[in-house]
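Naming follows writing order (A, B, C and D), and every chain is counted from residue 1.
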Amino acid sequence: MIRFQHVHKRYANGRQALADLSFEVRAGEMVFLTGPSGAGKSTILKLIALIERPTRGEVRVAEQDTARIRRRGIARYRRRIGVVFQDHKLLEDRPVFDNVAMPLVIAGRPRREIDKLVRAALDQVGLLGRERDRPLELSAGEQQRVGIARAVVAKPPLLIADEPTGNLDPQLALEIMMLFKRFNDVGVTVLIATHDHHLIDAAGARRIELTAGHQAEA
Amino acid sequence: MSPGPYFERHAQTFVGALGRLARRPLASALIMGVIGIALALPLLLQLLVQNARALTSNGADAFELAVYLKPATEEAAARTLASQLRGRSDLAAVRLVTATQGLAEFREHSGFGAALDLLAANPLPHVLLLTPAENSRGSEALQRLQSQLKELPAVDDVQLDTAWVKRLQAMLDLLRQLVLSIGALLLAGVAVIVGSTIRFEVTSRRHEIEVMKLLGGSNAFARRPFLYSGLLYGLGGGLVCLTLVAVARYRLDPAVRALTATYGQDAGLIGLGFELSLAALAAAMALGWLGAWVAASWQIRHIDPT
Amino acid sequence: MSPGPYFERHAQTFVGALGRLARRPLASALIMGVIGIALALPLLLQLLVQNARALTSNGADAFELAVYLKPATEEAAARTLASQLRGRSDLAAVRLVTATQGLAEFREHSGFGAALDLLAANPLPHVLLLTPAENSRGSEALQRLQSQLKELPAVDDVQLDTAWVKRLQAMLDLLRQLVLSIGALLLAGVAVIVGSTIRFEVTSRRHEIEVMKLLGGSNAFARRPFLYSGLLYGLGGGLVCLTLVAVARYRLDPAVRALTATYGQDAGLIGLGFELSLAALAAAMALGWLGAWVAASWQIRHIDPT
Amino acid sequence: MIRFQHVHKRYANGRQALADLSFEVRAGEMVFLTGPSGAGKSTILKLIALIERPTRGEVRVAEQDTARIRRRGIARYRRRIGVVFQDHKLLEDRPVFDNVAMPLVIAGRPRREIDKLVRAALDQVGLLGRERDRPLELSAGEQQRVGIARAVVAKPPLLIADEPTGNLDPQLALEIMMLFKRFNDVGVTVLIATHDHHLIDAAGARRIELTAGHQAEA
C-alpha cells in the first residue's frame, strides 16, 4: 500500500528531515512510526498526503508513483486517504458536525447519507451529542477526537494519524487505539506516528523506529 | 456526482456567503457603500453630461449660425439658397430673414422708430439663420460648417450667434473627458475594492482553505464561497449606487431647474431610466464576481497546506 | 520603562509596518491607488471650479450690465450718475457710452453708414456699461443689483449682457454643489477604505493579537502596528492622489486651453500649488491614521483570547 | 500563591466545566493537575490566566482576588505569569527568536537584555541555533519547546503549563519536566496539567486529580 524507496527529504531551509529511508506498509497492515522529537515522523506522513514532496527517491501509495500526481490530481488523491493531523486542523468557526462532514461534502455525498455517517463517526469517538458545539468549546482531547472522527467518516482505504492520542488520558488513548484496530480489522491500512510505547505494546502491531531521518527497525 | 447534491451544494454555498455577510453587517455595508459610491460617481457625471446635452439641444436658439448674404443678392436667390441648405443633413432648420423683415424687426427693437423711414434704401442684407443638426454641434463640426458656408458665392459672412456656443461646447468636451477619465478610474477602483476585499477574506480564511485542500477539496471548491461573496458585494454596491443616484437627482433638481430656467424652460434632471439602472446593477454584480474570481483564484492557488 | 527602549520599540514597529506593506506590494499598491483616486476626485473637481471661476472673472466682459438711461437725460447727468456708481463697492468698473458715441459705434458696425446722417435727432439713449465686482457675480447678486439700478429715476431699463451669465453662474452653482456632495462622499469613502482594510488586517492577524494579549500586551501595544499601517496607507494614497492630479492636469490642459481660447485668452489649468499639495498629503495621512485608529481600537478591544 | 474557593464554571453553551472546586497551591510549590479528557484541567489554567472568569466562587492568585482585576489591569497581571499553552499559540509568521522574545518586548526590556535571555531560554529547551526558523519549519515537539521557552524567558514567579509534554518522546519529556523542576527549585511556583503518570511519579510532586470538574485528591 505504501512503499518508500531511498527517500530523502531536505526542507527549503536546508534541514535534512529524511535520509535514504526505505520501508513498506502492505495493504491491510497496521504499523506504528516512532522516534524522538524531530526524527521525521510527521515528514513521512506529509509525503504520503502529498503535503510535501521528496527531494530524492520514490514514494508509492496504492500502486501509484506519487511523483506522477500533479496539481489537479492531488485533490482526488487526498480524498482516498484519511488523515489525523498532529494539530487537529479543525475549522474553528464551524460546528463539530460541519467539521466531521467536510470530507463527505467535498466528495458530494447527498445530505441524508452525510447525516448518518457523521453521527456514526462521532459515536465511535464518544462525542455524540456535541454536534452543534464549536471546536473552541471543546477540550483539547475532545478536539483531537473530532479530528479522528473526520479522518474515518468517509471510510477511506488508508488511514494515517500523527500522534492521535497526545492529548488523551491513558484510558481514552487505549479506546481510540482500539478504534483504529477495529478499522484495521475490516481491511483499512493504518499508519500511526506516536510516542506512546504502552499503546504500541497494547496494540501489538509492527513498529518502524526512526532516528534523525534514518530507519532503526526494532 | 448526481445533479441533486450539486445544486444543493451551490444553494448551500450561496446561503453560507449570505450568512457571512450578514454576520458582520457593518463591514459588509461599508464595503457595499464604497462600491456604491464608486459606481455612482461616473453615473452621476454621465447623467450631468446627458442632461447638459439635452438642455443645449432644447435651447436650440443658442446654436444659431447667422449667414449674411452679399448685399446684391436677390430675394429669390436667397430663397433658393435657403431651400438648398434645408437639404443638408447637418442642418436641422433654416430660417430666412429677408432685408425687409430685418429692417422691420430692427425698427421695432432699436428705438430708431420712424427715423428709419427716412432711409433711401434698405442697408440690411438678407440673413439666413441656421440651426445645426444635433450631431453637428461640436465646436469642430460648427467650424467646418462655417467655413463651408463662407465659400458659397452668395455668402458675405457667417457668424456664430454668440461665443456662448463655443464655451458651452468646450465645457461639455472638458466634462466628457473628465467623465471618461473618472469613470475608468472608478470602475477600476470598484474591481480593486472587491478584489482586495476578497483577497483579505481569503487571507483571513486561509486556515479554512488549507484544511479544505488537505481533505481533498479542489481549488474550485474552495473558491466558490468567495465568488458568491463577490456577487453579493456587487449586488449590494449596485443597489447603493442606484439609491445614491436617486438621492443626488432629487438634491440637484432645484439647481438644474434654476439652470433650465435661464433657457426659459422648466425641466428637471433626466433620470437613469429602468434599463440603464438594470444594466448598472448587472455590471456591478459582474464586476463583483470578476474581482472575486481573480483575487480568489490567485490567492487560493498559492495556499499550500503545511 | 526608559525612553530608550520606548523609542526603539516605536521605530521597530514602524519598520515592521513598512515591511509588511512591502511584503505584499500589489495589495498595498492597490489600496493606496484606491485611496489616491478617492482623494484625487474632489481635488480635481475643486480645481475645475477654481479654474472656471478664474476664467469667468478674467472674461469680465461677459458680466456687463447695460443700463439704458431715459432719453431725456442730459449727458452731464449721465456723467454724474456714472461717477456715483463708481463709488459702489459691488461694481468693479463703470463705462459711459453717450448717445453720440453710441451712434458712432452703430454707424461703424451696422452697415447703415451714411444713411444715419439723415436722422433729425439721435434716437439712442446714453448707456452705462457696468462690470460687477468679483464677489457680486452670483446670479442673485446680479438680480439684486439690476432691480436696484432700475429704481434710479434716470434709468429706463437694465439688461444683463446675455443669458450666458446666468447660465454660467447656474452651472457653476451646480458644479459647486456637486463638488461638495462628491467630496464629502469620497472623503468618507477614504476613511471607510482605510478602516475596512485595517479591519481585515486585524482579522487576519487575529491569532497574533490574541497571543500578544495572552502574553500581557495591552490593547495599545497591539494597536500600534496598525496605526503605522494606516499612516502609511494614507501617505501612499496621498502621493498617488498628487500624481493623479498632476497627470489629470496635464491631460486636461488642451481642453482647458480650447476653453480659454473662446475668451480670447491662452491660459492653462491652475495647479494645486505647494501648500495645498502638502495639506492634501497631511490630510491623507491623518485620515489613514484615524481610520486605522477607529477600526483597530474597535476590533482589538473585541478580540478576547480563548 | 493560588487559591480556588468553591469555584464553579459554566460555559456560555451551558456546559458545566467546574463544580464547587476548592484547592490551594502554596508559593514555591510544584503541583500536577490530572484527570480524563474534558475534566476541566485547561479550564482551571484559563481561570488563573484570566482567559475565562468563574461563574461563582473566588480565584485568588498572588494574594489578589482576580475578580477585582478589570480590563486594563489584565495585561499587567498576565506579565507576571508564564503560560505554556496546550496548542502552543506561536506566531507562525515570526521566527523562533521573535516568538520567545515577545514577553520581553511587551515588558519593554532593552535589546541587549532580550538577546541574552532568549538565547538562554532556547538553550534550556535544546533549541539553540534554531532562532531564525519559523514555527511551521519545526516539528510538533520543537514547537512545544519553543512555547516552553517563551513561558520561562521572563522568569515569572508563577508558571502554568497545559500538557507541556504531549508531543514529546518519553526521554525529552523527562528532560523538560526536570527543567520545570529546576525552576521550582529556585522558587518559582509551578502548576502543570498532564496525562503522563510516569512523569508525575518521576517528579514526585503533589497531584490534584479531577473528575468531571470535581476534585478527587489522590
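Everything that follows uses one rule, which is that a contact is a pair of C-beta atoms (placed from the backbone, for glycine too) under 8 Å apart; a residue touches a chain by one contact, two chains touch by 3 or more.
In this text, all values refer to a predicted model and were calculated from it rather than measured experimentally.
Asker: Suppose chain centres are the mean of their C-alpha atoms. Which chain sits farthest from chain A?
Answerer: Relative to chain A, the chain whose C-alpha centre sits farthest away is C.
Asker: Based only on mean CA positions, could you tell me how far chain B sits from chain D in angstrom?
Answerer: It comes to 66 Å between the two C-alpha centres.
Asker: How many angstrom lie between the centres of chain A and chain B, each centre taken as the mean Cα position?
Answerer: Spacing between the chain centres: roughly 61 Å.
Asker: Mind checking the centre-to-centre distance between chain A and chain D? Centres are C-alpha means, answer in whole Å.
Answerer: One centre to the other, that is 28 Å.
Asker: Send over the residues of chain B in touch with two or more other chains.
Answerer: 306
Asker: Using the contact definition from the top, classify how the chains connect: line, ring, star, complete or other.
Answerer: Topology of the interface graph: a ring, with each chain touching two neighbours.
Asker: If we use the touch criterion from the header, which chain pairs count as touching?
Answerer: Here the touching chain pairs work out to A-B, A-D, B-C, C-D.
Asker: Any idea which chain D residues touch chain A in the complex?
Answerer: 11, 13, 15, 34-38, 41-42, 86-87, 133, 137, 139-142, 145, 162-163, 166-173, 195, 197
Asker: Hey, which residues of chain C end up touching chain D in the complex?
Answerer: On the chain C side, the touching residues are 1-2, 4-6, 8-9, 207-208, 210-219, 221, 304-306.
Asker: What part of chain C is in contact with chain B in the complex they form?
Answerer: 27, 30-31, 33-34, 37-38, 40-41, 44, 48, 110-113, 115, 118-121, 123-125, 139, 162-164, 166-168, 170-171, 173-174, 177-178, 181-182, 185-186, 188-189, 192-193, 195-197, 199-201, 203-204, 206, 244, 248, 251-252, 255-256, 258-259, 261-263
Asker: Flag every residue of chain A that touches chain B in the complex, lowest number first.
Answerer: Going through chain A, the ones touching chain B are 46, 49, 51-52, 72, 75-80, 83, 85, 89-93, 102-103, 105-111, 150.
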